[in-house]
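What follows is a set of structures to go through.
Shared chain: subunit A. Partners: subunit B in the first complex, subunit C in the second.
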Partner chain A sequence: MFFINVQKWWQTIKIWWGQQTAYRLNFFLQVIGPPIVFFCVKASLWKAIFNGIANQKGLDISSTVINGMTLDQMISYHAWAMIVGFLSQGMGSFDLSNDIRLGKISTYLIYPFNFWEYHTAGFLAFQTLQIPTTLLSLLVFSSLKIIALPAISNFILAILVCFVISLFWFSLQYFIGLLAFWLEETWIMRVMINIVTTFLSGAIIPVSFFPEQLQQMLVWSPFPYMIYWPTKIFLGQTESILFGVSILIFWTLIMGFINTTLWKRGLRLYTAAGM
Partner chain B sequence: MLKAIKNIFILYPSIYRQLFNCALSKATTFRTSFVLIIIMDLIFYASTILSVDVIFQHVPEIGPWNRSEFQFFLSFMLILDNLHMTFLSENFWSFSLDLKSGALDYTILRPVSPIFLTFFKSIRICTLFNTPLVFGLLFYFGHKAGVQPHSYIWLPFLIIMGFLTLALIEIGISLFMFWSVEGNGINFLRMQFQNISRWPDFIFDGLARKILFFAIPVLMVGTPPARFLLNKSDYIPMVFQAVAVPLLLFGVKFLWDKGLLRYESASS
Partner chain C sequence: MSVAISSINLAKNFKTYEKNPGIWNSLKSLFHRDYKINSAIQDFNFEIKKGELVALLGPNGAGKTTLMKMMTGIIVPSAGKLSVLGFDPWERDKEFRKKIALVMGQKSQLWWDIPAMDSLLLLQKYYEISDMEFKRRMDELTTLLDVGSKLHIHVRKLSLGERMKLELMACLLHSPDIIFLDEPTIGLDLMAQENIRKFLLDYHRKHSCTMIITSHYMADVEALCQRLVLVMQGRKAFDGPLAEFTQLLGDTREMTFIFDKPISAQEKTFKDYDAVWSPDNQKVDLLVPFPKMRDLTSQILRDFPVTEFSTEKTPIERAMKTFMKNNTHSLQNQFATLNK
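The block that comes next holds the complex of A and B.
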């Protein structure tokens, strides 16, 4: 029984790999391109900021410090943030809402591999596809001396943390997908979540730059643990790991509970044409 | 000649009025989406302004601009973004679908400009509700940045120029969908250039700035008008923009004609 289950998961993951890489240019432009452009814009922005301060104070740009960070540390932070994004913020469940809206879930209701399993396999497929992208990014960044590779224990720890974040991110995307039972268009919710997450997670500005009160408020939210905190782990700061992981697991469980409830309620509303 | 003038001033506005009416009835049908898009835009505006505000809590200037000047630039970009969301953005996604499904055939066959019909047929009415807010932000930050009230005489012209530059660049990029099997990737590429255009030119240096100003002129979208409003003697970038718009128009027409030769209708 276990072997049959593993086979089913394996075959489904392979199908997802095929689907996601069928159009390679599309995959590059949709998945890999945006984080690279985002990184370049952020690097340029911070370089201009540090340059301005250095000129103003008559300092060398490399010795200029803003809020405890030098330019090299800031660029390194954003490079690691990009890698964290690759490892944890997948797009594997984007088709979920379409499946609901177009009535495709009828097939899953009679398949021996249910809707949740199918999309979870999609999530795993996507995350594994991100591994080569991450390795290539690591190679490029470290050979350009933008990042210094951390100790192996820190590296493994950060990768594991990224996997926990990816579970939370998947549960969030799954939640948005399930809203298709009620909403005509779920992309709006996805964009909203992306904007809020990008801002509050420290993807543009490190959370330590935020006002103290906002930082205090965010401690119990999942946001700083999605980019800022794992990036810090890659940079060698491993304080409060247990607390961060606990917060992430807590929010993942909350989302899991909400998703289960939504799925049950949504199915009651669901009507499939031609059944 | 007379017919062309008649088309521009009578035929196309009347077609656009009908498209607007269709969009209005669609918008009032899906009311939840209507409200959610307004909220989404408000969140976007807040995150844009706040991101820069957080940075300015640690530095007095970014490049040559202080906080008010930078936020004035951002609010100008938010106006362009608001217009883009209202009049353009949905059409890029439907263009990708039209190419795949063969629905572009019906657009080509109609006796009006197919570029106009393809890229201006869908209008997102709800974002117009946020238009007063973005103009309010512009005037507020403009006042703080010391923009003279009489400078706003130029504002309609500058907004049109900025919007035209952005629209033509994005239409040009999206026309590469004629050469790709799956158009969504091109749409993501287009969005990346849009993201770059939201920043002032001085944050990029060297070759990157030259490429993004002259070759793929995304930095020409908002920086020249904002710089001109802040300082009237800084008009040279506006001259470049005035030259770029007709060139971009020519480029779009050229790409469209070449793309159509490549187009194989899926429905025929």
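The block that comes next holds the complex of A and C.
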């Protein structure tokens, strides 16, 4: 039975690869475009901030330190944040809400392979396709001396952690997708969640810059473990791994439970529009 | 013959809300919505035996597709009992899903951006078909449908007719016990329609599986089905052999008269016969009850400058259209009396 299931999953992943790479240029631009723009915006923003402070204090920009970080360290932080994003924040389930709204899930309700299995396979397919993109960015960033490659053991550890983060991220995206049973359009929800996540995860400002109270509040939330914390692992700080991973797994399980409930309830409302 | 599908007092209601156009009404609908319960299917009782080929016929919005969705377990019934092959479809047991297939004419089930063969290989795994059996089925279906050369082309590049054949192939790969076909010939040209019909008939003859078809095309029904279930306003209006149905509608004839000059459409003579005039008013189609045909013909020949006329048995589509337009209820009553 297990072997048969593995075959089903493997074949589904292959189908997703086929679909995701059908429009190669489009795929590439979609995956790599926005993060690069985001990185450039952040880099110039922080450069301007460092410049301002250096001028104010009459210092050289390279020796200016904000909250214990120099400009080079800040840029390197954001380069790693981009790589963490590649490895953990896939777009595997973006079509899910459309599938529900346009009645496309009818097909998956009929196949003897579940809808969540189909989409989870899609997510795995997407994550594996991100590996070449990640390697390419690593190559570019390290050859430009923006980042220094970590020790191999740290590197592997950080990648494994990113996989755990990606599971949580997927469960969050799946949750938004399922809201399509109730909402006509989930796009705005996705944007809102993405903005909140981007901010609280430290993708714009490192979490260590946040007020102490907010930092303490966030410890039990999944957010700082999505960008800030894995970036630190890439940078060589491996303490409290077990705690971070436990928090992420805890939240993934919570989301899994919520998603199962939503699916069961939502399906009762499903009208299979257009069929 | 044992029972494949049975339903007792089956019903399905949909909750919808009405929204008037305009920004103000959009804003209002954020706070207050007038929900309405629409009943799509009511008190539906029927039974289909294994191996039967049954057509579900009815106008748009009558509830045919809703029935189909309930029978395949896609949507949950609001009330009543439904059993398909001994399963409750809504539980969507994996064994149940392995025994049915659904072909949707309006919706592609094949993955759009990859060749059909990849989809078929995926379905092989989903339905746990052994390599040997898969090859055997592929050989059989590719020959029957004549699609051998299309298997490796991206689905989005195929014509509608070719795609439909591959859709059928994908649905039949696992030798389902029941095949649900929702308007399988919609949008196809006449040749392609005929091919699909011929294939379905051959397949049914060979495998004696149960087939349920919904269609707008009477030709589909006439060519394929021994039994017809007419659905109107969510209720069963007729259930019986096709021959009986045609008999019921068949005591009228369609008559065509051509005149050598335009005739006023207001003429009393034509009023009671559902006249359809040509734009130049020189040709009229009438639906005439058989007993009145003789008198009417001689009256028209006497009073109007007729150059040509012909008589045909009424096509079911036209008769149904007239009946539905005129008085749906009286037709239902007529069928109800007949069914008793």
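The rule is simple: the second predicted complex is superposed on the first by the 269 of 275 C-alpha atoms of A that agree within 3 Å, B and C clash if a C-alpha of one lies under 4 Å from a C-alpha of the other, contacts with A are read in each partner's own complex, and residues count from 1 in each chain.
Methods note: a contact is a pair of C-beta atoms (placed from the backbone, for glycine too) under 8 Å apart; a residue touches a chain by one contact, two chains touch by 3 or more.
Because the structure is a prediction, the values reported are computed rather than measured.
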- First (subunit B), second (subunit C), both or neither: which does A:Tyr111 touch? second
- Task: Go through the superposed model and pick first if A:Ile15 touches only subunit B, second if only subunit C, both, or neither.
- Result: second
- Message: Quick check for you: in the superposed arrangement, does A:Glu185 touch first (subunit B), second (subunit C), both or neither?
- Response: first
- Query: Looking at the overlay, does A:Ser137 come into contact with subunit B only (first), subunit C only (second), both, or neither?
  - Reply: neither
- In the superposed arrangement, which partner chain does A:Gln7 touch: subunit B (first), subunit C (second), both, or neither? second
- Message: Residues of subunit A touched by subunit B versus by subunit C: which partner has the larger set?
- Response: B
- If you stack the two complexes on chain A, which partner ends up touching A:Arg268: first (subunit B), second (subunit C), both, or neither? second
- Note on the structure: Residues on subunit A touched by both subunit B and subunit C 23
- Item | Residues of subunit B defined as touching subunit A within the complex | 30, 32-33, 36-37, 39-40, 43-44, 47, 50-51, 54-55, 57-63, 180-182, 184-186, 188-189, 191-192, 195-196, 199, 202-205, 208
- Task: Show which residues of subunit A lie in contact with subunit C when the two form their complex.
- Result: 4, 7-8, 10-12, 14-15, 18-19, 22-23, 103-104, 106-107, 109-113, 267-268, 270-272, 274-275
- Within their complex, subunit C touches subunit A through residues 14, 65, 69, 72-76, 92, 94, 97-98, 100-102, 104, 106-107, 109, 111-114, 118-119, 121-123, 125-128, 154, 182
- Which residues, counting only subunit A, touch subunit B once they are in their complex? 23, 25-30, 33-34, 37-38, 40-41, 44-45, 47-49, 52-53, 56, 66-67, 182-185, 188-189, 191-192, 195-196, 198-199, 204-205, 209-211
